[in-house]
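Heads up, the next two complexes both have chain A, just with different partners, chain B and then chain C.
== the complex of A and B ==
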């Protein structure tokens, strides 16, 4: 297990380094830069040259990358041009907000999607299963952007929940948790609904296959109650492919939440990345991309470890995770 | 088609009448205004704007549906007379880059500066009159170069430290110090040279211009007077731009403005509280500002901003309202949920310019015609400005033909010739520079058979620019000129035209102020914002030399009538050679919640908040 963990950690480091390096190089290679973007065409060429020199944008790409990479090895990810603050300070405070949103969405999706998947997977027909399946298909085909717009509209129309932001300006300190939870509903649901639908479909498929397995049929033949067969016997086996998907879901939650964060003004990595891209702040772009890759790598690792615990074959070299299912 | 044309003509006439009526009252409420009868739905049926229309429709639908609910009224109305108290909730699209105006030019940093700092003088954005702020009065020397300014006495910064002339001198030093590289340095110069500022008393300063400069101390509207006791160390150390960054404890950010920052929640909001030491009073003696608190929420998306405004979760937006958002806001205004303000025609318009740098097309067969005046005049004639206004601004625009828009009531040349929409004449004009359809394929060619084709660069993501470039492409196609539209990030557009690597650009030409004397960088051939050929060592053309000469005289003259005559002459030369082709100036709208009181709107941003100290709310 230790070797397995070491391998996964090494993979995570390589992934983060590759993604942030690629982002840095691509953002630097694209025409235009932070100086022309922010100063526009109304300042003299001397001012533009002075600003480029101050920010190190006048250096050749190779030199700039070498300096940045060397500093990154010391966990110094550069100074954001836009905020004039270390990227290493900016990312964690926003990543924490994104993590709150992502895990809230994952929890909602799990609570909604898995039980519904078990219900639809364990039943061959019926109006309830058909309704759930139809709603799931609609939701799974809706991008989070559209879901968030719809939910923002409902929130605005009913006044039940705040439309934007993470905190109210008027909330007292003792009400912080409740205030954040209220603000969390719209963005978390926007992400969770398509995810819950996907989980429901996966779980239903897996449950449907497991229900036909000999050990389930044998249990049913021994006269065990159907509920016990489904919820105790079949469920454990049917959860394995879902567990394998969780890591990827955590990772993709980050990219999926970018649009939702912008629409609902959630102060996470998505809105920070948007500002960085608009301003062509290459250090911040690289930092945000690296943080996204870290989310993905950690999510995958947590999922693989969980799977390895459930099924030790998954951690053996040369064994594909899917084989465990 | 004919019906659309008729509707368009009728709408045009109606819009002209409305414009005439409204130019005298920029602050008229838009729910009293009219719109083209086909607006906005006929836009959905035009090929040019279909995809924009669908997108706009989706957003409008959400906003309109959301507006079906009556706005909750959590406050008791106290009538329209402003009183002290209450809080105002406004939105911005992005966080400030800093609390320090010397560090950044972005609009949110500027808003923070406006709320927390004061200037010596203020340009009244509604009347354009120069008003005293920290300067109580001033006298001018006979040659117009020296201003002796008497400062208000007894004022204190928000931390209680008294304000003196040394703070004024320090603020100029902060702008000019090369080691610190303030972004404000260029904005407080005259002809590129710095002003000499000296304290002549505890509460008096003398400001000397390097040469006669007609706009005078009007340019000081952009310079915040900062606390020397807080920032002198940073200035000496060359770290002024790093001072008052977003990580600074907000109590450290002190000023003479109407508000102080009381909290900053990264990525979410800034909360401002009343500055108890603010110096201004209302005419009735009420201590300003009226508001107890002003909350600035960061909302990156306009549709979310509109939804919050309509559902009474927001009082005011500081960003421009796009034409697509007008219809739902108009309905909400009619229902009394929001106030929609028609601020008249914008003082700024986007324009098209060709690359006029000598030698830019060396070796290119198109060199014979790309830089000719006739091409630009043909473009001006080929584009139907009314159709342009209908498509790009959904009817909310006014045709223009020169560098100034009718919004600049003082300096606009009323004799500006109005180029008719005449594609046939445009083709004839192009024939005079050798562009005719030689092979009968509908596209013009030069004498060597090369097609009349050029690339037009514009900014990606700004709907009005993208739509405009598409209209220009379609209109030019009708006269046989192929225009390839390329959209790029704004930084790429700027870099391309500064480097002179382009055929043509369609982009914004924002002016610093309405007084042309403050826009020398645009007019002078040596200027950095002279976009068609930036920073020339000597004027490349005779007409640019003439404009240079006229503008130098215009800037130096103290006779306002003479200045007007000279600037009319400049505009005449500009219209003859059309280095930039302007088509339409958009109308500007602003919206606020129904409880906002005492705003004096301006077409310049922040339209409703340029005097934050007098804004009040019903509470």
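== the complex of A and C ==
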């Protein structure tokens, strides 16, 4: 187990280093830089050269990368040109906002999706199961880009929830938590609904397979009430494949949160990354990419460890690939 | 049943895309300066006096230029004309009272026409990118599964790495580090390549698994025994076995690519402005804060996307059910 953890940790470090380095180099090689982007053709070439020298953009790529990487090892990730603040200060704030959004969405999706999947998976027919199936088919067909537009549309029409940002300027200080929660509803639901539908489909499939197993029949034959068989016995066995899905969902969650953050103006990593990319703010780009990779690595690690605890076979070297394929 | 419904939705989208020049009342870039954000002109068949007429529309009269509010001018009917000028249907008074089935956008362009032309770009890009992903993924997966060993290991590690990354961010980053101002053709090619590369691992993984297991089957051994070369064995015998899997994957990749294009265009890193794609139309809509309250028709590309994705999912769902039964 320790060895397994160590291997996963090493992978996380490699992932973060590769992703942030690659984005640093790519952003540096891209045509145009922060200075030409912000000052443009309005100023003389001397001013541009001076500005470049001040920001350290005049050095050759290899040297610049070496300096940045060396500083990054000391946890100094450079200065954001766009915000004129250290990247190391800026990113944790925004990353926390994205984490709040992602966790809220994941929790909502789980709370909505899993029980519904158990209901539709455990019974063959019935109006309830058919309705849930239809709704979830509709929601599976609505990626977060569309759900967030739809929810913003509803919220704007009804005025039930704020549609943009994370805090309103008018709220009193003691209401901060409530205020954030109110702002969280639309973006979190936008990510959660398609995810809940996907979970419902998966859980239903897993459940209906489990229901067919001999041990379920045996339990029913012993005279256990059907509700107990479904919710206690079969549920435990049906949860395992779902647990494996959570690790894969982190990437989906991050990708989905990008569109939602942009549409609902949620001040998270996605909107920050977009600003950084547009402004060619290379230190901020590398920082955002690294933070995203860290999220991903930690998420997959936590879910893999959880899976290894549930199912010890998963931590044996070599078996995981076969299990996934 | 659901499969039929899904196929109808997809067929409708394809017809809309292919038939855009005939079905759309206007070209994608025609502007009506006096009809910025004008609401849809519904075709009527009963006039106010109660008489029945061939389909006609009412003209929009500008009530407030500042507020962009319009009022139906019910004093005169504007009849529609069919099959004139190579278009299915148009208003007889196209200059003053154009037929705007889904209203006009903030430049005064016909949203319905742009939706049809946009389908060409959005669906075309997604389809081409999915085919590209199939080619790349099929080649990688086929080679990895057929050769095995170190090449297999290396290729699968690479696909694992690509699959774990959030695709939207990778696409965003790759697009953003390239020159921001490109022609529509360049953007099309660029996005198709980026999407194909990002989609390829999903194809490669499954193709590899199928090729590996099919290789051990008797028919593969028989083909080898009568002297089929490695290439022939792979191309004629093993890869065709992946058809079913690849078809399902394509139906999964196409909607993902449609949405990716829309997201990139939405944030301004997709197609340049006058080009109509579903993403650029949403981008145009998003710049207007009143879109949700006052100009909802500007969101119709989102509805179009939903219809296509729903259609594909309906087809796919039946596929699952059939495979589960069989």
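What we mean here is this: the second predicted complex is superposed on the first by the 319 of 325 C-alpha atoms of A that agree within 3 Å, B and C clash if a C-alpha of one lies under 4 Å from a C-alpha of the other, contacts with A are read in each partner's own complex, and residues count from 1 in each chain.
Keep in mind that, in the parts below, contacts are C-beta pairs under 8 Å (C-beta built on N, C-alpha and C of every residue); 3 or more make two chains touch, one makes a residue touch a chain.
Not measured: the values here are computed from a predicted model.
Peer 1: Record, for the superposition on chain A, whether partners chain B and chain C clash or fit.
Peer 2: clash
Peer 1: If you stack the two complexes on chain A, which partner ends up touching A:218: first (chain B), second (chain C), both, or neither?
Peer 2: It touches nothing on chain B or chain C.
Peer 1: After the superposition on A, what does A:89 contact: first (chain B), second (chain C), both or neither?
Peer 2: After superposition on chain A, A:89 lies in contact with chain B alone.
Peer 1: Quick check for you: in the superposed arrangement, does A:163 touch first (chain B), second (chain C), both or neither?
Peer 2: In the superposition, A:163 touches chain B and chain C alike.
Peer 1: Quick check on the superposed pair: does A:300 touch chain B, chain C, both, or neither? Answer first, second, both or neither.
Peer 2: Only chain C is touched by A:300; chain B is not.
Peer 1: Scan A:263 for contacts with chain B and chain C and give back first, second, both or neither.
Peer 2: Once the two structures are laid over each other on A, A:263 reaches both partners.
Peer 1: Contacts for A:33 in the overlay, against chain B (first) and chain C (second): which applies, first, second, both or neither?
Peer 2: first
Peer 1: Which partner does A:23 contact after superposing on A: first (chain B), second (chain C), both, neither?
Peer 2: After superposing on A, A:23 lies in contact with chain C but is clear of chain B.
Peer 1: A:181 in the overlay: touching chain B, chain C, both, or neither? Say first, second, both or neither.
Peer 2: neither
Peer 1: Name the contact category of A:153: first (chain B only), second (chain C only), both, or neither.
Peer 2: both
Peer 1: Identify which of the listed stretches of chain C (40-48, 58-66, 220-228 or 310-318) has C-alpha atoms clashing with chain B after the superposition.
Peer 2: 58-66
Peer 1: Can you pull the chain A residues that chain B and chain C both touch?
Peer 2: Touching chain B and chain C on chain A: residues 30-32, 149-150, 152-153, 156-157, 163, 262-263, 274, 278.
Peer 1: If we count contacts the way the header does, which residues on chain B are in touch with chain A in the complex?
Peer 2: These residues of chain B touch chain A: 58, 62, 65-66, 68-69, 72, 87, 89, 94-95, 97-98, 103-106, 181, 183, 185-186, 241-242, 245-247, 265-269, 271, 295, 297-301, 303-304, 307-308, 310-311, 313, 488-498, 507, 510, 512, 521, 528-529, 531, 534-535.
Peer 1: Chain A touches which residues of chain C in the complex?
Peer 2: For this pair, the touching residues of chain C are 156, 161, 163-169, 172-174, 176-180, 205, 209, 255-256, 259, 262-263, 266-269, 282, 286, 292-293, 296, 299, 302, 305-306, 309-310, 312-314, 317.
Peer 1: Which of the residues in chain A end up touching chain C in this complex?
Peer 2: Its residues touching chain C are 15, 19, 23, 26-27, 29-32, 137-138, 140-143, 145-146, 149-150, 152-153, 156-157, 163, 251-252, 254-256, 258-259, 262-263, 270, 273-274, 277-278, 285, 289, 292-293, 296, 300, 321, 325.
Peer 1: Give every residue of chain A touching chain B within the complex, in rising order.
Peer 2: 30-34, 36-45, 47-48, 50-51, 54, 82-85, 89, 93-94, 97, 149-150, 152-153, 156-159, 162-167, 169, 262-265, 267-268, 271-272, 274-275, 278, 280
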